[in-house]
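As written, the chains take the letters A, B, C, D and E, and residue 1 is the first residue of each chain.
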Amino acid sequence: EETIKVGVLHSLSGTMAISETTLKDTVLFMIDEQNKKGGVLGKKLEAVVVDPASNWPLFAEKAKELIAQNKVSVVFGCWTSVSRKSVLPVFKELNSILFYPVQYEGEESERNVFYTGAAPNQQAIPAVDYLMSKDGGEVKRWVLAGTDYVYPRTTNKILEAYLKSKGVAAEDIMINYTPFGHSDWQTIVSDIKKFGSAGKKTAVVSTINGDANVPFYKELGSQGVKATDIPVVAFSVGEEELAGIDTKPLLGHLAAWNYFQSVEDPANAEFIKKWQAFTKNPKRVTNDPMEATVIGFNAWVKAVEKAGTVDVDKVIDTLPGIEVPNLTGGISKVLPNHHITKPVLIGEIKDDGQFDIVWKTDGLVPGDAWTDFLEGSKDLDSDWVTLKCGNYNTKTKKCGGQAS
Amino acid sequence: MILRHIDRAGWVFLGMVITAGLLIPALNLFVPADNFFHVPDYLVPLLGKYLCFALLAISIDLIWGYAGILSLGHGAFFALGGYAMGMYLMRQIGTRGVYADPILPDFMVFLNYKELPWFWYGFDMFWFAMIMVILVPAILAFVFGWFAFRSRVTGVYLSIITQAMVFALMLAFFRNDMGLGGNNGFTDFKDIVGFNIQAAETRAVLFFLSAMALAGGYILCRWIVTSKFGKVLVAIRDAESRTRFIGYRVENYKLVVFVLSAVIAGIAGALYTPQVGIINPSEFAPANSIEMVIWVAVGGRGTLVGAALGALVVNAGKTWFTGALPDLWLFALGGLFVFVTLFLPKGILGTLSTGWEKAQRRFRSDGSVPNGVPSAAE
Amino acid sequence: MNQLVHSGTVPTLTPTLLYLDDITVSFDGFRALNSLSLSIDEAEMRAIIGPNGAGKTTMMDVITGKTRPNQGTALFAGTHDLTALDEAAIAQLGIGRKFQTPTVFEMHSVEDNILLSLKADRKSFPTLFSRRTPLEKERIDALLERIRLKDHRKRKASELSHGQKQWLEIGMLLAQEPRVLLVDEPAAGMTDQETADTADLLREIAKTRSVIVVEHDMVFVKDLGVKVTCLHEGSVLAEGSLDQVSADERVIEVYLGR
Amino acid sequence: MLNVENLSLHYGAAQALRGVSLTAKPGEVTCVLGRNGVGKTSLMRAIVGHRAISGGKIGFGETDLTPLRTFQRAKLGVAYVPQGREIFPLLTVRENLETGYAPLPRGQKNIPDEIFELFPVLKSMLHRRGGDLSGGQQQQLAIGRALVTRPKLLVLDEPTEGIQPSIIKDIGRAITYLRNRGDMAIVLVEQYFDFAKELADRFIVMERGEVVEAGDKKALEGDDVRNRLVF
Amino acid sequence: MTFAYYRRLALALCLGFLIFAPLSAAHADPVDDALALFATDSFNDTASAIDAIGKSGASNSAAIVTALAGGKLFFDPATKTVYYRDAAGKLIDAKTAAEVAAEPAGLKTVRLNNRLRTLVAAAAGSLDILSDDPAKRRSAANAVFKSRDATALAAVDTALAKETNNGVKEALEQARAAIIVTFAGASEADKIKAINTIAGRGDGDAAALLRSLPADIPEAVKTAAADALSDIEIKQAAWAAGQNIVYGISLGSVLLLAAVGLAITFGQMGVINMAHGEMVMIGAYVTFVVQDVIRTSAPGLFDYSLLIAIPMAFLVSGAVGIAIERSVIRFLYGRPLETLLATWGISLILIQAIRSIFGPTNREVGAPSWLSGSLDLGGLSLTYNRIAIVIFALLVFFALLLVLKKTALGLQVRAVTQNRRMAAAMGIRTDWIDAMTFGLGSGVAGMAGVALSQIDNVSPNLGQGYIIDSFMVVVFGGVGNLWGTLVGAMTLGIANKFLEPYAGAVLGKILLLVAIILFIQKRPRGLFALKGRAVEA
């Protein structure tokens, strides 16, 4: 029987397995659901799972294997920016489709990639806005703490520019970077405490990644940094990460996402139920990148059905404009810049490891590939429908990087 | 004659490498895609990567197998070679980057670099980059080795400081402030000496060059280890201080092989980058360097050919396992390592050749022992 | 015999080849050598005896650069300060040594052990490009013959018996053609016949070179027929012909026994 | 007590012992003589269990030693003074001696005074590391260490190597003393013929891994055996 | 404005709860209005509600606020009725203050956010200022210190008059000073006196207060404040150095714990044990399992969970270690480099095994209550879990030292590693010693895992994060020397913590690694190198 093959390119071992394994399961779950509905175009979907093992060059190798050897029609995968950068040339060369489900630093828009996670304007900036508001505590002093790699660097650059544009003085911004997997946070947490004792309301914007979060939060807890004193808003901490921490001391710390498991919406409730049944684990949590995977998957299915084929070029052309319901009650739309529209939610950590949604954008925010707050990218625009270009310079009226 | 010292295993190996170097590109380029013998496009750089790893393994075997220097930081030299090549490739992108800056690579644009850092000068020229591929690992190895060997740091102490070195480099390269692309490293290369890097022909050539580099590296290392110099190395490995008492300046010998090995590793890295399409600080990860040593152990330490074989087997195994058994492949790989140590104590090649000798003996003899104990001569 | 030991090196004019003065070595307060003074002339053979722990091996350690003395002078050929040179430099000056417990390159064949020891340029690059000359091959053969390991030439040194290793090490020492040979207990583990043979060999060598022999075997020392120095607690207790020394009450007391 | 019969032993493909037989009785010294490389040490290794044998039998009293591991043989009372001393270099002299406690029952874990009487130098160096001792001192330590285990069978492989004459005499006296105590069998490998002759109650001479001559004290008087040792 | 809200609220509460003077209001039923605001599920309304309920004069308003703080205030979305659960767990109708017989379905909790939490805590907190519990009184005083709310002055004064506990008294005085300093009506002299009191406190909060004084204060006060502030800053700099040492020791203890098992398997036995980290990881998972079992079957024992986990982890990791030794390592003695290969393989297998059994994500290991919180010693702050780790690390270390030095095992291990064959000839059961020692090293690593579970991820990658540091520590200290491991761990820990503030975490670590490389040049056999012939041989 002929099937449509779907590639899954998420690390199942190594440092990123902790986050990515769930996404692999999500794709398998979605495929299962879709097949129950009869598949796509009358064919069943078949998952091809590989393990790029948190090894960035291996991502490129495995991407090739999926596309060239296994002939998959689409790939769902990657988490870290570097893994995405690693596979980009492969997707361009072999002309395939990648759905990338994780919040990222932006500054990219490729024809072969669809970004269903948040761009900085769909996560970082609203989060800061919230903290500056009355409800968020009217924060005046900022700690931008991140792991030393490109996503935090870029995000913090954007935020720094944004904060300054809002009148925050340079001495009220502290930027701190730590290596991957940093586990001794004593000094940094005490520095944050010190920074926060200057008499102005202080908050931490955390782009700390992966494994480093747990020791960071444990240290916050044990040094008694309460959310009411210095709230921490994180962009990489979701339900999955919290499942590994005793959250009682973290009560009230924040996260900004486009989805929380605690969203009250029938579609979400239904999804959680089926997901827990699929994984045979009644306690299994859901999180934002999962939702992004779900949206991406549904958008692809819809586009394939609309195009009537899995042909890569046709599907790529069909995808912009496709609308699929997200799990927070809205309808997300695939934009011409290959990003999507999403709501932005701020949640406070509860003692059961879930988030209490304390703020939400009014409507859906369209993802912006190129930020308006950085010198180089301010003038860039992306539009794969009319301009057919991911980095169109509105000043020079030229499309960059198209020479070859 | 430099080839005189190559043994049978060596000839078989060279034959295979050279044949592969010619045959695989040919099968890729000239055999139609639907033919059974066609080698698909994606396979060429993949096999090319294995060859680079094999060369790297040989460079490690040279110092570990023969001079007893267990470097747990050889990934550093490999990666530096790779980075030097990567810098060249980045400069070749020119205005084809997303920000279309004619000079600055993309990552510099969005990190607000105003101009190219000084150490990037010259990398737009191929010859300069190639010199750097050799020079940068060589200088690091020289400085590091000069201090370490002069201070008579040996054994695990040496291993651990090589590991500290590679770890420090990893952290340094991770830093975005280094001006080398931070965690993302370099990727999305466009062309090399004017040829499209993704073209099948370019890849075929790169593959061929890798095969030649491997063959050349093997011949060179083999020549060294069979020379008197090589015997001195082994002497150093087994009884370092005794060697000194005979008058050999141990530190110089070690330094020479160490630098040479670093250069070979650097060349392997330089060939690796364009074929894999990305170079980033994870190449400096200490675990990677440990794994490289393990390739050598799997293949058979102190055999050169075995080292290359080990690199091929482990990496091919990895490719295969990660695709075929994505959830369980670590069991398979870990199991392979344990199996090799327990049942093939001399590594794959060591065991093969002992087996061969045994078979030969059985064939030749009928009980008479060729190497019987000669009594004290009268 | 001349084939074994080339007489190529020109003897210097200074009569004293090796000169130790006031050498003291202490380990955590224990004085293994206690202002020891000793001098060996060109082409002189000297036998050193003394109780276990008297400091004989330590003295050789000082000469070969293995141990740095806490105080004292050690000069070679009048000009070279041995306390400032490292092992390799000292060996290249022409001081060769056989260790008390045989130390050979276990993973190398018997032949290669000799090859590595042959007098040649020890620098790394010349070694890299050196190829075995017919002359070298001849020397190796001669040496193997002399140490009676010719039949074992292809075997790994690790497979030799204890006594065979002793011989191999003597062979390695000869191969270096040193100007001074330091021989620590060459007769240990040899039969009486072999011991006598070793004595012959050393006497032969001593015609052109200086030799320092440490031995506990009095028959052997007698065979050598040279001046004897008896060390005790790190300094010289008695010196003279064997007969003289072995008649010394103190030597009998601490060393020979009754 | 010790009964070695028709022993053979291989190193890889090379045969080092061919049908060697040897007996040792309590209160007697059995000497093994032979030139370099004839297999004396190999025989000792076989007896203590350092090397697996490829044929023959090693009986010890009623027990067959062949299937037993080295430490089990030590428990039965086999003690070994190896050629080349094999001191634990980083253990102090005292600790080296104390390793001999392992096979002893609880009450006997002490160092017999006779060891220090025999080798007074050890007493003054109890805290020095074994590896720092001079060659002769190490040899003394090796013998002392073997005696700590209160052996029933003492295997000595060239124990006089590197030892000063006066102490060789002492060792000779000690061996005589131990023999005369009557509860210990002693196997002694020795190249120093006069020393062997003085102590041996019985002997074997080996050549190329074989026993070429065997006999008791009297046979050593003549020149036959001595000549065997000439090359 | 947070401040204004708080002020009004506190005033209301003071009046309402402390003075017990019933306030008559103009509105018909202010209680109803206030309660209605709780039921709208809007943070702004809830804020107003807290204010209003205080003013309303409802007799149970204190109970309502307390319930709100504890997340025990509910409303029925359908009927908009508000309920709360009292200390005894009974559901009370907020309006009638009567117990509800049948619990209505679909009750929703009145939600709080950080802003409200601050309000509620402050409101509830000033109630505590007269509490019987000195700790509560002190924390209430501190809360006032931070809020500097003028309306609390009366309460503080009342409390001060009654206070007998010196520590609390001091805190109250400081709180009072904080109010005075910011209070517009206070005299200049009073303010200067108050500044001295605050300066006496000398901590970050005091500095924060002094820094944030309003701009319109008299010149004299300003200079007094500036002087006091610079005093505090100097003192704090001194404390910071001390704090760095504390952090360093604490990091050093973590390193020590991680490395001490390796000091046995690698340092004593010479096995290049790449699976060491996984033994630590197994220990951490044992902790998880122990806590899991306790949570489901004996929640009362949770505070003892770590004490139970320690021996369990020792046994489990030890057993795994013995199994590894018996099945693989024992064939590799005398081939130390191959142990590298085999243990690397084993480590991969163990990681994957744990991942297959427990899943790839972090597992939650909780902290028993006695480990949370911190101890303030002057300007030093020591968190209990770190103190516990330091103590635990030292205990493990000395216990191990005792075992190795005082039992036959220690001697026999060393004998076996130095000369296996000869050790056997001395009657030492080499295989038994090997298994026991490897088991001991692994077991100790397992115990380290229990401690690390308190500060790090419990995930399959846990061990990988420590393996390099562990080797670094053991080698830096000198292989085979247990004291070296201790000193090495502490040196590296403290050095790291002194570099970090100046160079940042990343650069600091790089510098440390370079320092290690240079150090090894000076001492090629580690910190506690053995000297003499014995080693060179």
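Everything that follows uses one rule, which is that a residue touches a chain if its C-beta (ideal position, glycine included) is under 8 Å from a C-beta of that chain, and two chains touch if they have at least 3 such contacts.
Just so you know, these numbers come straight off a predicted model, no measurement behind them.
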* Listed by label, which chains are in contact with chain A and with chain E? -> B
* To do: Please state, in steps, how far chain C lies from chain A along the shortest route of touching chains.
  => 2
* Structure fact -> Using only protein Cα atoms, the chain sitting most centrally is B
* Structure fact -> For the pair chain B and chain C, the C-alpha centroid-to-centroid distance in angstrom is 44
* Where the centres are mean C-alpha positions, what is the separation of chain C from chain E, in Å? -> 66
* **Centre distance in Å when chain A and chain D are each reduced to the mean of their C-alpha atoms** => 75
* Report the inter-chain centroid distance for chain D and chain E in whole angstrom, where each centroid is the mean of the CA atoms. => 63
* Asked: What positions in chain C touch 2 or more of the other chains?
  -> 27, 66, 148, 164
* Where chain A touches two or more other chains at once, by residue number -> 12-13, 148, 177, 179
* Among the residues of chain B, pick out those that touch two or more other chains and give their numbers. => 171, 174-175, 241, 327, 330, 371, 376-377
* Of chain E, residues touching chain D in the complex -> 408, 411-412, 414-415, 418-419, 421-430, 480, 530, 532-535, 537
* Structure fact -> The answer for chain E against chain A in the complex is residues 2, 43-44, 111, 113-115, 117-118, 121, 204-205, 207-209, 211-212, 243-244, 247, 250-251, 254, 351-352, 355, 359-367, 371-374, 381, 383-386, 454-461, 464-465, 496-497, 500-501, 504-506, 509
* Structure fact -> Touching chain B in the complex, chain A uses residues 12-13, 49-53, 55-58, 60-62, 64-65, 67-69, 80-82, 85-86, 88-90, 93-94, 107-108, 148-150, 153-154, 157, 177, 179-180, 374-377, 380, 390-391, 393, 398, 400-404
* Asked: Can you list the chain B residues touching chain C in their complex?
  -> 224, 227-229, 231-232, 234-235, 237-239, 241-250, 252-253, 256, 371, 374, 376-377
* To do: Within their complex, state which residues of chain B touch chain E.
  => 70, 144, 147-148, 151-154, 156-157, 160-161, 163-165, 167-168, 171-172, 174-175, 241, 286-287, 290-291, 293-294, 297-298, 301, 327-328, 330-331, 333-338, 340-342, 345
